[in-house]
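Got a structure for you, questions after.
When the chains are written out, they are named A, B, C and D in that same order, and each has its own residue count from 1.
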Amino acid sequence: MSGIGTGYDLSVSTFSPDGRVFQTEYAQKAVDNSGTVVGLRCKDGVVLGCEKTIISKMLVEGSNRRTYAVDRHAGMAVGGVAADGRQIVNRASSEAQQYKSFYGDIIPGHVLAERTASYVHLFNLYWYLRPCGSAALIAVYDRDGPQLYLVEPSGTGHRFFGTAVGKGRTAAKNEIEKLKLEELTCRQGVLEIAKILHNVHDEEKPFEMELAWICDESNREFQRVPADMVTEANTKAKAAKDDSDMED
Amino acid sequence: MLARPTSHSSALGPGCAGPSLANPVSFDAPPKHQAQQPTSGAAPFMVEPSALAHQGGGEPTKRTQVPYVTGTSVLGVTYKDGVLIASDTLGSYGSTKRYKSVARLKKVNASTIIGAGGELSDFQYIMTLLDELTTDDYCMDDGVVLSPREIYNYMTRVMYNRRNKMDPLWNSLVICGFQDGKPFLGTVGMIGTHYTDEHVATGFGNMLARPLFRERHHPDMSEAEATKLLHDALRVCYYRDKNSINKFQMAKATAEGVTISEPFSLETNWEYKHFRDPTLNAVGAW
Amino acid sequence: MAHLRQHADEFEAELKQAVSLGTTIMAASFDGGVVLGADSRTSTGNYVANRVTDKLTPLCENVYVCRSGSAADTQNMAAYVQYYLQQHRMELDREVSVSVAANLAKQLVYNNKNMLQAGLIVAGFDKKEGGSVFALPLGGTLLQVPFAIGGSGSAYIYGFCDKFWRPNMSAEEAKKFVVQAVSHAMARDGSSGGCIRTVVITKDGVRRDFVPGSNVPQHYGELGAQYATAMA
Amino acid sequence: MFRNQYDTDVVTWSPQGRIHQIEYAMEAVKQGSASVGLKNKTHVVLATLKRAPSELSAYQRKVFKVDDHMGVAMSGLTSDGRSLCRYMRNECLNHRYVYESPMPTTRLVRQIADKAQVNTQRSWKRPYGVGLLTAGSDKTGPKLFYNCPSGNFYEYRAMAIGARSQAAKTYLERHFEAFDGCTVDELIRHALRALSASVTDGELTAANCTVALVGSDTPFVILEDDDLEPHVAAFKDQDDGADGGDAGEMAVDGQAAGAGEADDAAPMDT
């Protein structure tokens, strides 16, 4: 049932007669309509990748960030409204900091994911707020190993082996399912993400990839993937795509 | 990563400067309308009200504590290509030499080291503040990193603001690093007193080590000369400071970055003839 | 009469003094765990308020604390840490690490250093680090150490511990080391006495033990049990 | 003018996943007269067109100094911009008090963006109706940022905002790759030429525009009237000279301006 015109879809504190909160679903739309974000949990770490449409050629390369470190051992990539995403990032990093100052230890992945989800969820509870229009992929490497979580505008949070949000999510998830993630290294993961992003990208507009990872190679610290690796992955992915296009 | 004002909080950090959080998250209902606050710029420099709250009447509360577990002097000298600082690794409990493997020199970031004497719990607290700042720089990932001088200035504000709350952090700090192709060396006292110099020493070291520095230090010394000078100064401190042990660490900051040495000890000399036999010519006179 | 009342007043004053754990406490790590030990005397002034005190208090399943200082302060602090750790345990959904427990205790000591009289030793076992010991003296400095001693009696056994502690002891050796050390403190410190309690924490769990006052090792100038006159 | 039931407050998502109030706030930026910003390897230049509400009044100021190393130019509701500017000045002062060093531009700009975002998620607030071009020079070099009412911010090598800014933008897009090698005077001339493309009526004069400059060894300085006159004269000389073709081209761009503005980034777009 559509909520349009019924009046049940105007506030986040209103249920529709069939038990839906349309405002939350509309916020999810904002994520669904924007650039694809992919996350893979490989055997030695987690890689996150974002597709960023270049809105102007005068933009400085790498500006308009989509991936953020939240602590040394944790970071996230946000899909959807970038400004809302930054608030989630800020909250997550203050959660990480508070946890550390109170317990004297780094925040474990599931605690960070849970607390971030609770924060996002709060925006679904009050008439005077609106749900965040962004989803956060959280990458953590703690004593339990590498972990990947997804927190959505509704405030739900799940752990994943691999997932994607945004415009190309369906195709991207199909691609991810074909990967043997338990055998893949992060180095290979970078290339796979590059391929996926190139595949799902609408060729009309130029785009930039932003890749970040946390793995043994990065000393288990959340970092941007080194620029030369991104360039290499980019070229290879482009070549792979051209090849498959030729075959078609 | 936290977009927050330049101070840690209005209650603790450098404190009295800094408005409320940059992006306060309030889920309360819409705020009640209030008369406009004056916008003259005076507000950020107001006295933190809670600092005065306990002074309701009668005796002023004394929060000036006594130190419990303490470290003694930290010494530092600049040289041609960088700066060296050193301290022993003792945590004293009164005059009990209680903890003998306490690292009192700590890395702050890629270009800065801090060394502390005084109350070690307060030093641990200072390190949590500095770790938060460094982690923030890491998270922002924008190429901006606090320089040694900025960390030094930050610490002067922290120490001075805590003393203004009658609750000082009981430390003397030495902050050193390498910045703009030059060594940086400065010291901050427990009430915010601070200065930079080509050689510094805190606590007892000011009496024991600095005379040596004044005689032998020159800014274009080699690393070997500077190390020798520091070793000699440490040795004197070990001889004449009762709360010291012969177990030291030395830290170095150069253009290549910062390193902190493993603990080491120094050879000492007790072999003067009159040490062995002081009463040779006058029994009972020593 | 007058001097009797004066006596009574002095006695009252003594009872009103803070109940304090003039104490010997210690903890030592060994291969695969930790052992904690303490005497059992609690005094108010010169009066022994409790001769069988338990100064080894659990903070959670796998972490214990040795308490010295004010009995009231340390009991309540332990209760607070227990509460925080239970919360933490629920959020974490797995074993609590010793360092976290120690850090929570540290927050309490450090942030209230002017209100509290508390010298603690936090020790326990977790899967990641094995056995660990944290010294938490007055003022709130938190230091991880291979072994720690505390309380008024500890002043008498620095030499003993420095000499006889070794890395990689077995559980039995470590326990013996602790009992010996505490008995030496009790032999010289009037504020320590009674029995010796020990707690050994390993991957297999917690094992408590108790050395009754009559079995505490005897030292120079003391008469052993074999010389004791039988109770009526 | 469209109307729908989803566009009257900032806490209502439309079924398409848009927030109309934010988009309307972004329109407010286009109501203000144009501002441009551009940089070379050492300096950043800001330039704005000023409007006067009446013949008898002074021109509305649109360029403000924040600190010695930073300043802003704004288009849209200048009163919103001034309150943001006051906040920025305060933050810079606090940073100087604590660290005795200039506030890094990137950090402050992000703080402003975070502040702007809060106004897009509370029912009792409205988004800022102003676009800010921030020019700063710190240890990471010269920086130019654009802060949007949506809470987004972007780092640019050159950018134009405000009414008819598409014309200026087109000029900048055509030339920005050469800016790195420009002298400061040339950079100012580029700024004036870009700005002149966005002039609505009359022509660019030293009276109706403001130029500001900041660089590694140049504290933020605002050039107006007499100080600006030589630069305006130089720019006019050059355009009246042999290089007349360029000016003609610009006029064409200027006419196309209105049509081109629709492709501005939507707030939720990457």
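We take it that a residue touches a chain if its C-beta (ideal position, glycine included) is under 8 Å from a C-beta of that chain, and two chains touch if they have at least 3 such contacts.
Every value quoted in this text rests on a predicted model; they were computed, and no experiment measured them.
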item	value
Pair of chains whose C-beta contact count is the highest in the structure	A-D
Of all other chains, the one whose Cα centre sits farthest from chain D	C
Rounded Å distance, chain A centre to chain D centre (Cα mean)	31
Rounded Å distance, chain A centre to chain C centre (Cα mean)	50
Centre-to-centre distance between chain D and chain C (centres being mean Cα positions), rounded to whole Å	67
Distance from the mean Cα position of chain B to that of chain A, given in whole angstrom	41
Junction residues of chain A, two or more chains touched	86-87, 90, 128-129
Residues within chain C bordering two or more other chains	142
Residues of chain D engaged with two or more neighbouring chains	110, 114, 117-118, 122-124
Those chain pairs that satisfy the touch definition	A-B, A-C, A-D, B-C, B-D
Chain B contact footprint on chain C (complex, rising order)	110, 113-114, 135, 137-143, 145, 155, 158
Residues of chain A defined as touching chain D within the complex	2-5, 7, 9-12, 22-23, 26-35, 50-53, 55-60, 63-64, 66, 80-84, 86-87, 90, 123, 127-133
In the complex, chain A residues that touch chain B	68-72, 86-87, 89-91, 93-94, 97, 101, 122, 126, 128-129, 221, 223-224
Sites on chain B touched by chain A in the complex	1-3, 23, 25, 27, 29-30, 128, 132, 135, 138-139, 141
Chain B-facing residues of chain D, complex	86, 90-91, 93-95, 97-101, 103-104, 106-107, 110-111, 114-115, 117-118, 122-124, 138-140
